[in-house]
Amino acid sequence: MFYHVKELQYWAKPERPDPVYAKKLQEILGGQFGEISVAIQYLFQGWNTRGNEKYRDMLMDVGTEELAHIEMLTTMIAHLLEGAPVDQQEQAAQDPVLGAILGGMNPQHAIVSGLGAMPVNSVGVPWNGGYTIASGNLLADFRANLNAESQGRLQAVRLYEQTDDRGVKDMLSFLIARDTMHQNQWLAAISELEAQEGVIVPSTFPRELEKREVSHLFINLSRGEESAQGRWASGPSMDGEGEFQYFAEPYPFADAPSLNPAPPYIHDTPPMM
Amino acid sequence: MFYHVKELQYWAKPERPDPVYAKKLQEILGGQFGEISVAIQYLFQGWNTRGNEKYRDMLMDVGTEELAHIEMLTTMIAHLLEGAPVDQQEQAAQDPVLGAILGGMNPQHAIVSGLGAMPVNSVGVPWNGGYTIASGNLLADFRANLNAESQGRLQAVRLYEQTDDRGVKDMLSFLIARDTMHQNQWLAAISELEAQEGVIVPSTFPRELEKREVSHLFINLSRGEESAQGRWASGPSMDGEGEFQYFAEPYPFADAPSLNPAPPYIHDTPPMM
Amino acid sequence: MFYHVKELQYWAKPERPDPVYAKKLQEILGGQFGEISVAIQYLFQGWNTRGNEKYRDMLMDVGTEELAHIEMLTTMIAHLLEGAPVDQQEQAAQDPVLGAILGGMNPQHAIVSGLGAMPVNSVGVPWNGGYTIASGNLLADFRANLNAESQGRLQAVRLYEQTDDRGVKDMLSFLIARDTMHQNQWLAAISELEAQEGVIVPSTFPRELEKREVSHLFINLSRGEESAQGRWASGPSMDGEGEFQYFAEPYPFADAPSLNPAPPYIHDTPPMM
Amino acid sequence: MFYHVKELQYWAKPERPDPVYAKKLQEILGGQFGEISVAIQYLFQGWNTRGNEKYRDMLMDVGTEELAHIEMLTTMIAHLLEGAPVDQQEQAAQDPVLGAILGGMNPQHAIVSGLGAMPVNSVGVPWNGGYTIASGNLLADFRANLNAESQGRLQAVRLYEQTDDRGVKDMLSFLIARDTMHQNQWLAAISELEAQEGVIVPSTFPRELEKREVSHLFINLSRGEESAQGRWASGPSMDGEGEFQYFAEPYPFADAPSLNPAPPYIHDTPPMM
Amino acid sequence: MFYHVKELQYWAKPERPDPVYAKKLQEILGGQFGEISVAIQYLFQGWNTRGNEKYRDMLMDVGTEELAHIEMLTTMIAHLLEGAPVDQQEQAAQDPVLGAILGGMNPQHAIVSGLGAMPVNSVGVPWNGGYTIASGNLLADFRANLNAESQGRLQAVRLYEQTDDRGVKDMLSFLIARDTMHQNQWLAAISELEAQEGVIVPSTFPRELEKREVSHLFINLSRGEESAQGRWASGPSMDGEGEFQYFAEPYPFADAPSLNPAPPYIHDTPPMM
Amino acid sequence: MFYHVKELQYWAKPERPDPVYAKKLQEILGGQFGEISVAIQYLFQGWNTRGNEKYRDMLMDVGTEELAHIEMLTTMIAHLLEGAPVDQQEQAAQDPVLGAILGGMNPQHAIVSGLGAMPVNSVGVPWNGGYTIASGNLLADFRANLNAESQGRLQAVRLYEQTDDRGVKDMLSFLIARDTMHQNQWLAAISELEAQEGVIVPSTFPRELEKREVSHLFINLSRGEESAQGRWASGPSMDGEGEFQYFAEPYPFADAPSLNPAPPYIHDTPPMM
């Protein structure tokens, strides 16, 4: 169960309205790696954790924090939209700066949400539950989380470069720092789990059931051998189970496929003569 | 540019038709972590790589291999659908085993694709470009790739447990082994990049611009302190820049927000008395 | 069965082309509360009505009218796109007013639809059957309809504020008036149904089967008690079945959950030591 | 900012696993009117409220409660999935009851989420931000909320009818009672707002700017006059601004449209001879 | 503008309820090539036609008929759902035939639509405006329409094979016949347009502006030359502008690409040493 | 199985960066008729072909070529994005030309993909597997392919008109020529199949099972008889099976529908008095 307090976790007031930037900021609210994604993802991972209370508690801690980040961003977007001059069409037709603002903002911010934030990304595509990753396997999922915080910090940093507003930059510097912590955190949790179960997910599938002759084989399917220079092309494999090998001139391991004709009730093309 | 040869990379014939399993197998073809996802993801990462030819070549190698895995799965699904008895409704109304098969298969396999595979997941939701991750930052993206291969191998292993067909199991044992290699590979590539630029993505943003006082702070927002026991709660941080700290009784760093009234042309609720 | 006549239900010619406004107008054609939504929604509600011919007939009347509104908007959008100067790139690179127009219009109007309307919203996201509400319960659905006409009129009014074109304003004044009627109409139909079956949907579920101790309880989960001042916090409940109560310091009614470990064939994280 | 406590708001343990019912229960978690929808909707409405602190506080109270309902349902679904016999394919091929269970469950519960809940509906379609309604106009939005609680209670009641598990029924009886309260609550809030600003949304648009001659006119576009019997067809209108009228044999108010030919750079069909 | 009459264009009563078949029938109502798709597609093509009144009128004729087909299918689905025994869970747990029915039907038909049709396909994915094709170029669009009627008739025929209900078969035989007519119709319209403007769409782009040396060249990119046997590999081209040629051992016409490094404010991976 | 070579099939360097045009070019990469669509479509058609090796081989040839076109477009888009001045906000606020560029580009190109191409269309909506058409019936599918190449060439031609960059125009002139070839090719393949099996898809359904009295009947449902002038309204039908007829004043062939009341466990509106 959750409780809400009205104070924001962190806040800085923007210096001025900026509806075009409000549209961009939607990316880290409702995009693939926005705050809605990580909130839903961590909470579902927590709720689906079976045993391992330490990890469940940690997931609920972080998922709950991400709800506060959603709140900070919706508030910032609503502030940036204040004063969007959407009723000044006549002027805009003459004034190209005003025209560029009105053409560059998300029209739904004026028509649909009444100058409020929306659960959509920076091009207006709605947030989608299909972004969520919660598999029940914690090592797999913590890798998803490390990626999410890496992509999320990268996007926040790029947005930081795209504004001169000191208030916005201040708030982003808080979110960027939290992304730093969360990358640190998932790296720590991953190192704990890898130390215990090894690096290959899932660790519980008997390795002898996989086709082991290709478990450490790099296959050179794009002509040119620049890829032979990487750590993945030779030397001991990362799972400590073998040696990397480089398959320079790869061939198929099987024949061409052949399907039987469809039965009549499927009404495919009849066989040609 | 690409060339195709008709031979499959690997193949094993299923022992018998199984339209219900064909529906399930769609998950690792057209699901969030199916072969279409990794093919498109690695190819787009390769095409968007700027400099760093070794990584571009490697991405094109692996992306091209995933195209072959799409081909293996479409072929397997088409074989499993052979003999789907969709014209035997009258019998099915009496024979519950037949009824369960017809009720459990994906009806589009009979109505839409004519017993062929489709670019959809195991519940029939179409594959979506929004799954794709290609940011231009290789360390971020290789973490996405490690996650994709972890989720992908986990799903393939779960599917392996859900069939007794030796042909299907044989083909899956090849895909599982390749997922082993690909986890090894992304781990190797990540270790190369982290050795050079450090573990926090992106490495190029000046750390003094972030709000450093919260960069190593774990915030306990779910009541109970089980999460204090993790590696992330104390000791040196993973980025070597500080010490993890545990904020046991967290409070907000800011006040409650307050938005200005909307202008009249937005036609919000007028202020209440 | 339907018949079409070529005359528009209402029409006013726009004074001039305006491709940026054409993009905005797509919201009330193909957005969540656009004319496609209400047409499909009312028609499906009508087709699914069981008994109650008066309501079925009324739904078919209004659904059929909404088809005419789709037609009015597609025609208006096609007119507004006439003269979109998409071949004048060289000039646009110099002329910022032209540049703002070309940057602010929906590029699909030039590339995909050939200056025609599309079944998409103002940011280009396609209309989606998931917007449709048709539950078989008329009181529930008429509330959905009242909302749809409220949101729809609000959006039309906001669009009215965003143009100076007298032709466009004239056509919108017709649609706004019809939304007025349709709000009136759903209010009337709701009052009929509520008079007969009461205000809680569905009325046919025995009230003693619900956990009645929380049926009239307002729970104060956001710190601060401003919400205690509302009609919902004290006095007789709207369904006449009790008194509103205010739960100022709420606590959970249950314990913390605990899930069993997953079985081995699921390959979750093994239990940590 | 939010805090989490581990206790559930309410809880009752299911009597036995039931993976087919787990799939159905996803509807009120991740469907159009599931708990994710109302949580996101109320929170966004709260965050976007400008002035009117009483309503903002109330929205945050209820949105925060819906987060607890998400938690209750994810926990229930995880319990119902315990013991899903997905590794018993060989038996299922013989045992039609087992076959029907395996064919009727959502395969992603076994392959993707590892026996956990997902943010999807009962057919597996992911939750979508496009369901969210938050317009900035409180009367419009409270009508959306009343509809959401009506549809939500209807769905919960239908699900109540589809199980014999006393634990599940007990938990549903709590959610149904809360839906009763929330219908009461939105009715109360609506009556407050309508008393102050009238029943037509938005109230701030000058009525003389709409085409008033059609503001109270019912148009009979489906042959047959059953619809003339309703409250909407005669008598004073609900907004107190006029009399309902019935347009029995409606005609268009305008001529047939005519579009100009597309310019050459659009490459439409050339004019036919 | 449209008028509705209550009579169905054609109708036959199903012999018995069949909720599993109701789910399948959704494909030709709300699937990619269902009646909603063709109705919306033809109407939008008609509304966007500029000049060429004969084609506009014809498109409105056919689009209006497809609305009647939507109505026939929603009615049929509602009939097939009558008597869906969703409250008989206890029996279903014992009776595998009943269990297969309840597991095989679309659960939303019971929970969401109250035994009514929905604008979704046979796996429950909502209809999507992105299916719609209306480009402004009539020859292009009539080819889309010919395909739609081909896929649509194919799906209706496959569904005809999947039922023994004489009422359902009777209604399908009407829809199949109309699809026959519509294939005939689009073939006729295409032949008119091709006779006038040639077979390559668009006909108005000067052919000398395209890279003519590859305009009639078949490129053999899948090893093996079975494709050399087709009409497309030799002989005069269909547009009468040249001779088909077969490029048996194709090579690239260009060099490998090379992108410049990203600027610093993008924060990509720094160049490796 | 596939092999990649690093050379592009064709290439021409753009004269200058143009981030607004990069956004537009996404349409023919990730739109409904972009290169991703045709690549996936032809490959799935090939993989699902049963018998008919000539067509399978041809489909694999063309599908493999489309992969090369994806590569050409991703490379072009990455080049056009080089130098997108997204860090020059302060200047943009003064310089309307710069403002129009920043407002008109896709913000995700700067925030998400780091100046790389994405699998999305020109308004940023992700590519969707639901665009794919692969039915198992080759004549049906080749008609889909002819449409795809017609729409695709039309869009490429429109984009050609929207730029003055000679490099971009050069590359487009190659893609346009290939679309010419592919229209030629599908026309040739269609003529082969139609010669063998006739023009109505599917050819294998006994014509006497359809309601033949409406198989050649044009129904005039939009008032006005312009549509009587077409080839489809009189004369021998295209399938050689009858004569076209024109139904000038059409009436329904059936009565008004009537549904039974829903059972109590569905909780619809109770019958009104």
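For clarity, chains are labelled A, B, C, D, E and F in written order, and residue numbers in each chain start from 1.
The definition used in the following text is that contacts are C-beta pairs under 8 Å (C-beta built on N, C-alpha and C of every residue); 3 or more make two chains touch, one makes a residue touch a chain.
Keep in mind it's a predicted model, so treat the numbers as computed, not measured.
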Partner chains shared by chain A and chain E (touch criterion as defined above): B, C, D, F
Remotest chain, chain F as reference, centres from CA atoms: D
Interface composition of copies chain B and chain C: same or different, split at half: same
Most distant chain from chain B, judged by the mean position of its C-alpha atoms: C
Computed distance of Cα centres, chain F from chain B, in Å: 27
Mean-CA-position distance for chain D and chain C (Å): 11
CA centroid of chain D to CA centroid of chain F, Å: 33
Sequence positions of chain A contacting 2 or more other chains: 1-9, 32, 48, 50, 54-55, 57, 60-61, 64, 75, 78, 86-87, 96-97, 99-100, 103-104, 110, 112, 114-115, 120, 123-126, 128, 130, 135-137, 139, 154, 157-158, 161, 192, 202, 205, 221-222, 224, 252, 259-260, 262, 265-268
Chain-level touch network, classified as line, ring, star, complete or other: complete
Chain C to chain D touching residues, read off their complex: 5-11, 32, 53-58, 60-62, 64-65, 75, 78-79, 82-83, 86-87, 110, 114-115, 125, 128, 130-131, 133, 135, 137, 139-140, 143-144, 146-147, 150-151, 153-154, 157, 160, 173-174, 176-178, 180-181, 183-185, 187-189, 191-192, 199-202, 205, 207, 209-222, 224-227, 229-232, 237-239, 244, 251-257, 259-260, 262-263, 265-268
Chain A-facing residues of chain F, complex: 1-6, 48-52, 54-55, 86-87, 89-90, 93-94, 96, 99-100, 102-104, 106-108, 110-112, 114, 120, 123-126, 136-139, 192-193, 196-197, 202-205
Chain B-touching residues of chain C, taken from the complex the two chains share: 154, 157-158, 161-162, 265-267
Parts of chain A lying in touch with chain F, wherever the complex brings them together: 20-21, 23-24, 27, 31-32, 96-97, 99-101, 103-105, 121-125, 154-155, 158-159, 161-164, 221-224, 252, 259-262, 264, 266-273
Residues on chain F engaged by chain B in the complex (per definition of touch): 1-9, 30, 36, 40, 43-44, 47-48, 50, 57, 60-61, 63-64, 67-68, 70-71, 74-75, 78, 112-120, 126-130, 132, 134-137
